[in-house]
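Which chain is which? They are A, B, C and D, in the order written, and residues in each are numbered from 1.
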């Protein structure tokens, strides 16, 4: 497990958020708040805006209404540099080796973690010099997870983190989130699959579509 | 207008050309306006029974 | 009817297109009448009441419809830049509607400026096309307008298209002055003697008057067409929403 | 700052490792120059008079060819979305990509220009002025290309549209570029070329970053 040094503290408060995709309004007056060390599971059938919510929190999409307040940031810090987005597209270049991909994201995200150790955790250390194009979907997903470890940041926004992963992969995601929360990090995960997390009292659940 | 001297041809051509093109532009904008209004009217006529039930202001 | 009908769809959020439709429809008729009147006055002055120019003779009458179009080709781009800023900076929903409506009009007026310019140049330069500074800049502006229209049509989701076209409109705005300067520099390099065209205020009132009236007439024409095109665009998006909802309602009979 | 170098290094490794992208651009550049004599006839006097224009048009078209590669695959494999969370602002990363694009697309052309100099009967001093004008002018072309590529990144057939959008805006570079080659206009054109090129290079990262951010929406 990475050294449990405390992550910078962040608090997320979302108040009556509304988002639309094209003409369809996905959800409206959505609110929740997340203290350090907590996780939020976003449930709901496909097409109810789980991915849109994650991308809106990541600042990629401007919401139609409502506000997203993230406390704990210093002024000159650029919004978004204290969060990681794990999306369907993993940002991995096929012609670069596993190591080069990770080194690239470590440099771009100003990461301080050790690349070798991160690869160890996700179980890719053995094929570090293999071109990423040969990786399976599951291995590519693990490489994307390594990107989160190598540049420790307080807020994790995960969109279907366990997609393309086997049972062992699910356990890995659970362990990573647990240790992230233990360090005082925040995690918002959009998934319709169960997440293997240790203590469940750190988790809140938000269901989109229908009930909202 | 005296006979069509060398210059008059160009003046007439210029004014006619401009008149024709602006006329065409006006006509095309008005025509598309009318076409869209007609389609909207037809659609609203189709869904009127449901829409009124849902109480949505038209 | 599915639950979607009750939920406020994005259209009601854009409240002001509704208001825009109301007031602009009121303006349509009177504006058209005023434009017609100003045109009648302008044409009367331009064709019948003003003298022939001492240097260019009767062909000065072509100037009365060339200059307004040349002025509009730049004025309309200005309108698009303001709308682009409105769309990007204030995210005003009507901004990209006005930008989309203005582009084809801009192209039409620029095309007319080229057409009348070449006819005006024919008696003086002897050819329909002369690579002089102003005409070439107008030609480049014409290509930029066509490029913007092509960009608009390349997108299927018109809502997302608005802000991307706005960015390119601003990129164009930064480059147009540079293009104008470089074309003028290029023109003086290859053809020092440029044709004297009575542009400045030193024109006698008898020629300036028709020019001003015709310019006003064409600007009014643009304004009325712009408003009408914006209404059409708003209604077109309303239609698209209705057709999408019909597909959605048909698709999921819940 | 590390991110800046990392982007350039990554794009360079990708290009060198990824098959003959550079070769195709070079081939296209030389071929465009080489076909002109077949079109206008092999008369040497005429060719050497047209040579500056031909070289610049060939360079301009080759740079347009390499445009599509600039942001498209980063957009498709999700890197662009992740760039938004990078240490360096998006404009910085776009600037790095423009430099990488220049190194990969424009520099090889300048290196290959002697081939065209020979084919188009260019004498040595003219060729030197051609190289100088290309060195100063192509950064502007690369920057303009980046803006065109950024605006059309989310369009499936965007590669077709970007050249149409940026060609009218590239005229100043073409005019001052060729102008700076023939001895008569000489220095004033070169200075103006440098000015336009600098303006475009300064503006491009911010406008392209804005276009990329809006296309991600």
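Heads up, the rule we're going with is that contacts are C-beta pairs under 8 Å (C-beta built on N, C-alpha and C of every residue); 3 or more make two chains touch, one makes a residue touch a chain.
Since we're looking at a predicted model, the values are computed, not measured.
**Q** Would you mind naming the chains that touch chain A and likewise touch chain B?
**A** Shared contacts of chain A and chain B: C.
**Q** Could you tell me which chain lies farthest from chain C when each chain's centre is the average position of its Cα atoms?
**A** The most remote chain is A.
**Q** How many angstrom lie between the centres of chain C and chain D, each centre taken as the mean Cα position?
**A** That pair's centroid distance is 31 Å.
**Q** Using Cα averages as centroids, what's the distance between chain B and chain C in whole Å?
**A** The computed centroid separation for chain B versus chain C comes out at 16 Å.
**Q** Quick check: how many Å separate the C-alpha centres of chain A and chain C?
**A** 47
**Q** Per the centroid of Cα atoms for each chain, what is the distance between chain B and chain D, given in Å?
**A** Each chain's C-alpha centroid was found; their separation is 43 Å.
**Q** Do you know which chain D residues sit against two or more other chains?
**A** Residue numbers touching two or more other chains: 217.
**Q** Please list, in label order, each pair of chains that touches.
**A** Final set of chain pairs in contact is A-C, A-D, B-C, C-D.
**Q** What does chain D use to touch chain C in their complex?
**A** Residue list for chain D touching chain C: 144, 147, 151-152, 154-155, 157-158, 161, 164-165, 167-169, 171-172, 175-176, 179, 185, 192, 196, 199, 203, 207, 210-211, 214-215, 217.
**Q** Under the stated contact criterion, what part of chain B meets chain C in this complex?
**A** Residues 5-8, 10-11, 13-15, 17-18, 21-22, 25-26, 29-30, 32-33, 36-37, 39-40, 43-44, 46-47, 50-51, 53-54, 56 of chain B touch chain C in their complex.
**Q** Taking the touch rule as given, give the residues of chain C at its contact with chain B in the complex, in rising order.
**A** The touching residues are 1, 5-6, 47, 57-59, 61-62, 65-66, 69, 105, 108, 111-112, 115-116, 119-120, 122-123, 221, 225, 228-229, 231-232, 235-236, 238-239, 242-243, 246.
**Q** In their complex, what parts of chain A are in touch with chain D?
**A** 55, 58-62, 78, 80-81, 83-85, 87-93, 95-96, 100, 103-105, 107-110
**Q** Write out the stretch or stretches of chain C touching chain A in their complex.
**A** My answer: residues 4, 7-11, 13, 91, 157, 159, 240-241, 244-245, 248.
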